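Two complexes, one shared chain (chain A), two partners (chain B, chain C).
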Partner chain A sequence: MIHNVVKANAYFDSVTLMLFSSRLNEIEGIQQAAVMMGTDHNKELMKNSGILNLETASKASSNDLIIGIKAISQEVIDLALKALNDQFENKSKATPGSEKKTFKSFESALKQTPDLNFAVISIPGRYAKNEVMKCLRNNINVLLFSDNVSIDDENELKTFAVKNQLLMMGPDCGTAIINGVSLGFSNVVKHGNIGLVAASGTGLQEVTVIIDRLGGGISQALGTGGRDLKEAIGGKMMLMALEALNSDDKTEVIGMISKPPSKIVLERIIKLVKTFKKPVVACFLGAESSDFDGSGVYTSETLESAANALFALSTGQDPELINHETKKPNLQLPKENSGKYVRGLYTGGTLAYEAILVLKHQQIVSYSNISSDPVYLLKDVEKSHEHTIIDMGEDYFTDGMPHPMIDPRLRSERILKEVADPETAIILLDCVLGYGSHLDPAGALVLAINKALSQATHPLTFIASVCGTPSDPQNRIEQESKLRSAGVIVMDTNAQAAKLASYLIARRLD
Partner chain B sequence: MIHNVVKANAYFDSVTLMLFSSRLNEIEGIQQAAVMMGTDHNKELMKNSGILNLETASKASSNDLIIGIKAISQEVIDLALKALNDQFENKSKATPGSEKKTFKSFESALKQTPDLNFAVISIPGRYAKNEVMKCLRNNINVLLFSDNVSIDDENELKTFAVKNQLLMMGPDCGTAIINGVSLGFSNVVKHGNIGLVAASGTGLQEVTVIIDRLGGGISQALGTGGRDLKEAIGGKMMLMALEALNSDDKTEVIGMISKPPSKIVLERIIKLVKTFKKPVVACFLGAESSDFDGSGVYTSETLESAANALFALSTGQDPELINHETKKPNLQLPKENSGKYVRGLYTGGTLAYEAILVLKHQQIVSYSNISSDPVYLLKDVEKSHEHTIIDMGEDYFTDGMPHPMIDPRLRSERILKEVADPETAIILLDCVLGYGSHLDPAGALVLAINKALSQATHPLTFIASVCGTPSDPQNRIEQESKLRSAGVIVMDTNAQAAKLASYLIARRLD
Partner chain C sequence: MPLKNNLFKSSLSVINIGLETFYDTLSEQKTKVIHFEWRPSAGGDVKLAEILSSLSQDRISLANQKAFEIFNQAEPVLTDIKYAKDVIPGIDRYTVGHAGPPIAWEQMCGPLQGAILGAVVYEGVANNLDEALQLVLLGKIKFVSNHALGCVGPMTGMVTYSMPLWEVKNTTFGNVAYSTLNEGLGKVMRFGANGPDVIARLKWIETELAPALKKALAQSGPISMKVMIAKALAMGDEMHQRNAGATSLFIREIMKHLVSVVDNKEALFRITEFISGNDQFFLNLAMASGKAITDPAKNIPYSTVVTAMSRNGTNFGIKISALGDQWFEAPVNNPKGLYFPGYSEKDANPDIGDSAIVETFGIGGFAMGASPAVVRFVGASSVSEAMAYSREMQDICIGLSPHYVIPTMDFVGVATAIDALKVVETGILPVINTGMAHKSPGIGQVGAGIVKAPLGCFIKAIQAFNDNLTRSI
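Moving on to the complex of A and B:
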């Protein structure tokens, strides 16, 4: 029995909708249920799950909310709709017991907290510019979480911010640690003397987490938004953040994390950091280390080696002494494994990108939805081709759905699909912890892995790493232990996980 | 050119002698050199190294110091002897810059530090009893590091200690943490609410280290000496330590670590802890969990699961929810591996014992020098037989030599031997960090592994775990990274390392 409801012009954010959906699915007698905004992608998903009829689908637009329920009886459907209505109503009330101060307007917030100097803005991108500008005009630094801000608006906002010596981190800046306060998607790490600036969210998370594991600590971790190092923006926020870290008393060592910047931006960065007395480590994933010749900047090929170098410098050691070469462990894939390919399913974009580079380093070329080489861009993102590394946090997957770091459903489905493919030998995974992330990502992965393996017709090897610390709400050690209980080989870092996968594939090809 | 010198009745402790030896070997032109006490075992070692002639050997007794030098010329030998003499002289002077107070007698120490309530005693065992008794009579708790104390003396000292409500930890107690102060072989771990008492040194280290990794902390870690739970001693110090932990305000959860006690001692322990309100976890390696039925005590099969349970209880979680079952990772040994057997070379006795139990759990029987079953005791400790796990800290190996946690030489030689054996498939290793241990045990292992592999005629798989924390002087993460650089598969705990070895062997047999 299928029931559809369309609520015109009803907007809820994707995380709220995910909670609604999962509560519906817990009701006895419900076979499948989802509450989603009516984007084409979501309609497709609901249709495939058999909870949406064509007539309803044609009526709903991306501004409408669709409820789709498949249940054993009309009574169950009525019960579910009633429960859902209660939740809709509760959601619009203020959270009871919350200690946050809420204000009716920006002006009244400013009046009642005159020492305000930092704002996190997370409203739909098309409304963001005005609010950011209000903050900047009032000498308030901004972390702009929203995406869908035009590059012209970004440039205008950053130009104004730089002129007034303010941070404007973003748009689409998901991770930062300011004076020990973790913002957005970030991990509970020790305080210390290492300052970071990054145009990448999970890249920043991975580096802070590895530094924490080594025993080091973070002074500041600043995000710039992913487009900052493009020519159109010119690295405005990267340059400003570098200067801020150079003047910051708590920061003794500086790290930069990003995909390679445009040439002209790189020149500006090198010119600036050459004037610094503090040591600087660059992790521009995929860049040539020769780009930095003569600059005095330490370079690193992976997030892990960047973290190692930063930790070494922060404790007065020579980072050049760190051994980057790793001998292959003497193991192989079981001979009865019929598969040939690595399939990487990532929630962290930079982690996916790092995996592509590590595989490439072992002469293993992989296809991807984020490949920098158009030849290796996947034609159909839904279908893996030979070695494939997918960033499931890309727009295609997050259109109308929460990010996979929050909502594990799409990745769980993709795991089923990859396991069913007889060509798959290794499934490579990340598992990102910290504030903002799912409260049990390893648990969700284990459910999916066990389900997939129960249907599998050939043996598969799972390799994963957990990006998090023991102090994170999800506790790294417990998450690792869960993954191991399902037979997953858990490595300490994403670079190590990708390396092990590449070694096993290379040995298979021998 | 070989030169021998015998110094009659000259005693230096084994760690000092190891330093002397290694400095001699650094002199250019020295081919091989050693400075050792003249025990039969050491004479054998020096003879085998070609630095001792029979005439000298027959003259020296175990009270004499033997210097053996093989060098390219008489000049080098003269130079080496001069350097050695300088070191002998320096050693007898007080360390300059040392802030330790030294006293000429026990009485003057007591007079000048009237609040003294704890003593660490580390003199040859046959002189220990009187000194311990002096301390106890003056209300001073004792950690007795020395071995070679008779069981009657131990009983007498402990009876007196218990009567006067004092701790007498030992003899042969190597590890303790008292009010956050690490004593003997111990690791830098976080302070917390978990109190431990152990009849085992590396068992205690491994549990404290895993708790630290999980994010938990230690209030007290008390050692009892290895014989405390035998009937002759009757668990006197274990019972006393348990009561102390039960009264200790900082301790909220209590853990016991030991090999299985005698039946009568176990009954006493259960009777006591039944009266406690604080939860108690028992890790009596090899005991049946049914021994504790109805006692309310949580039991655990490995040091790792004990640490997991203690951490869960210390944070208000249910330890029963922790998943102890681990699915096999889908990997196998390379098919060109001709070997069949696991060879475990351990510096930590309890870690070796844990490995034997983990293998047994997978129906893999191993021979050992510490097997509790006489059938599986190695006939010749120098020669491995089928699956073999060796505790290289046992008397046989430490007679006149420093413990392998300090001096890696004997284990390095044994690695060469096992690698040369075509029947060896996997070499399983521990790497114990912390105060007292070698300053770079992973570095020493990597040297030995690389040397062995350069001579190997068949492929081998190395699996290891590091018992230590990132805060230890050796830094766990850096040690792990060194091991990995040599192709060693590094697991998080000894139990996991042994489990991986057992899975790989079991799959080979399939």
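Moving on to the complex of A and C:
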């Protein structure tokens, strides 16, 4: 039985709607349900999943909200509609006492808040350019969370921003800490003298979190978006951010985090940072450290070692004199664990990438959906092959679904699948905390792990690290103990977790 | 080099555009943050959004400022009552002026057709409705949009040869605008009724009421509509759905002159009974004032200010300044509101009437916050919701009126001079307070409520505006 409702001129953002949809699907008796804005793309999706009749499709426009429900009976449909209505009402009801300042027009917002100096923009990418430009023209710095912005538009926006000495972080920039304020997906860390600029969100999160754990603090953590260091953009935002950090008197040490830049961009960066008096640490994951020979830049191969080096420098020590080599743990995989391979299921893209590099360093090559080597690109993302590290925040998984850092469902399903595979020996996980993330990612993992283990044919080893601090809303200490109580080995950092996995596999091979 | 305005040394003041969770986390951190309820600009039309952002803002905002000032400089004054045959060029007994943009007979809704048949009988060129219909079908009757005649009329808006019209002059610019006299409530031609009693009442208006008012006005001299409208806002009128205060003010002004110029006591009683028995008597004066205020703002190059909004029961039409008298149309919406007992939404005719001219200059729905008494009637559930409507209209207007203020909202001026660009950009639609006609001719009013202008006509206007610019470059 299919039921459609169209609410004319009711706009909700897609993440809200996806959460609503997922709650609808949890209702017993619902076969399929979705709540979406009536764009052509969405209508196609709903039609294909058999929950949209043609009449509704022709009548709803992109400004209308469509509810599509397929259920076993009319009672279930009524129940679902009622549940949905409650959610809409809750959403439109302001929490008592909290005076939320909302505006329907940008001009009015600007007029009534003349001191605006920062914008967080997370609207669908194809609409983003106009809004970003409006902000920049009004001297408002931008964190552009949206993806699906063309590289030409990015270039145009960044050229304008640089000319006006404004930040244009993104597109696809998820993390920043500015003047002590955590923006987007970021953690609550101590203030300090370390300034960071990163082309990667979870990379930035991991480094700030490790610095915090070591006792150091952050002055500013800036993002550039993932494509900034490609030749087409030329590192515009990275270069400007570096200059801004260099002239910031609260920043004494500077760190850069990214995948390897294009050659020309790298040369520009080296040329610039050579003029700095402040020490600079580069963590270009996967780059050759020889690229920096003679530049005076400290290099590091993992996010963890970058954080270590930055912390050492921030306290006046020479990072190269400090030995961070961890002792090899005296652990073995249980004999009954008949599996052979590591399966990494990540919500953080850079954490996944770091894991691939760490494994490679220990001579374990892994297949992945984000491998830089085409030979090791997974052919079927849904199926692991030998050692496999998956970034579940990659487009394939997030098309029409919330990011796994917000919504753990997809990863939970994948855990079930990996556990059912007799070749799986170790499941390697991240657990990202902070503002923006799921309120209890460890709890969600534990649920999935327990369910998986109850169906498992052989014992498996789970290794995880928690990217967060005790001050985060989710509280790192509590999250770690949740994982431990479910039998998960919890390491301090992602690099250590990956390293442990590689030791265990190597020992098995010995 | 440090960032602009030394960002790292300033405290953040953030605007969140998009996901509300980011707003929540910022306010959790006690950061100064506002939330912009973003909607796809131009209703999600990316191409149109690009047009919007490519338009040269400086030239347009200068032109719109000019239109806004013309609105504000207006001095609408009631000067006289004239007969259509004497002031409307080319009008004859076979011409029928109607509300809204031009429309063919076949496309007209029931009430409009009903009113036209009644109007033809009223003019005496047909003896009954059947004969009137024959004339229409033979193509003998000419239909003209009231705005093209310099007139406005509520609901079906019938304007014909013999009808008396209010004359309102904008003394700042010298232009005049006309409107019909309000027929009262119940079965009336503006709601499509066309029986003998309806026509008899119109004849009485023509032959007894109008001559008396004309004489009274000759004695009183011009009456400032600007002052009366401003005073009535303070009396709880928004002057579309509620005109009780304004009508009383008008009666106070005109009564001594009526008493002085009408000799026959019975006639005087009929006239005063008619005027004071109709709370909406002033509506037509507010409408003529609206047209007198907005007309001078037509034809300002580069201005996207709306100079007219009107509906013919099938389509909603707007004009924007730069494009003069060109109509931009989209299908009308159905009003939402309360129904008289025995009627429901399925009886209601879609939105109709020239009366949205009052919203065009900032009263009616735009001044809902001034009128606590009507908010329930027009579908707003609380006074604060009505105020929210008035506030929201600020987002699509060039500015606030210095003359027409809302006492209940700390004397803030009504939002005035709607910018079609802002409507398209924000998706916020002008809100109009309106009566609802029965969809069958001859029945009359079935309720009242609010209705929004359809986005489509604003989009068409902006597209044409852009095409026009591109051509002229």
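Keep this in mind: the second predicted complex is superposed on the first by the 418 of 510 C-alpha atoms of A that agree within 3 Å, B and C clash if a C-alpha of one lies under 4 Å from a C-alpha of the other, contacts with A are read in each partner's own complex, and residues count from 1 in each chain.
Please note the rule applied: a residue touches a chain if its C-beta (ideal position, glycine included) is under 8 Å from a C-beta of that chain, and two chains touch if they have at least 3 such contacts.
Note that the coordinates shown come from a computational prediction; the quantities given were computed from them, not determined experimentally.
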Residues of chain A touched, compared between chain B and chain C (which is higher): C
Touching partner for A:Ser49 - first (chain B), second (chain C), both, neither: neither
Chain B versus chain C as contact partner of A:Asn164, first or second or both or neither: second
Which of chain B and chain C A:Pro470 touches, first, second, both or neither: first
Contacts of A:Ser481 with chain B and chain C, given as first, second, both or neither: first
Contacts of A:Ile489 with chain B and chain C, given as first, second, both or neither: first
Touching partner for A:Asn25 - first (chain B), second (chain C), both, neither: neither
Which of chain B and chain C A:Gly184 touches, first, second, both or neither: second
Which of chain B and chain C A:Ile140 touches, first, second, both or neither: second
Residues of chain A at both interfaces, chain B in one complex, chain C in the other: none
Sites on chain C touched by chain A in the complex: 1-5, 7-8, 10-23, 25-29, 31-41, 43-44, 46, 49-50, 52-53, 392, 394-396, 422, 425-428, 455
Complex interface listing, chain B residues touching chain A: 213-215, 308, 322-323, 325-335, 337, 459-462, 470-471, 475, 477-478, 480-482, 484-489, 492, 496, 504, 507
Footprint of chain C on chain A - complex, ascending: 9, 11, 13, 15-16, 39, 61-63, 98, 100-109, 113, 115-124, 126-127, 130-131, 133-135, 139-141, 145-146, 164-167, 178-179, 181-184, 219-220, 243-244, 247-248, 250, 435-436, 473
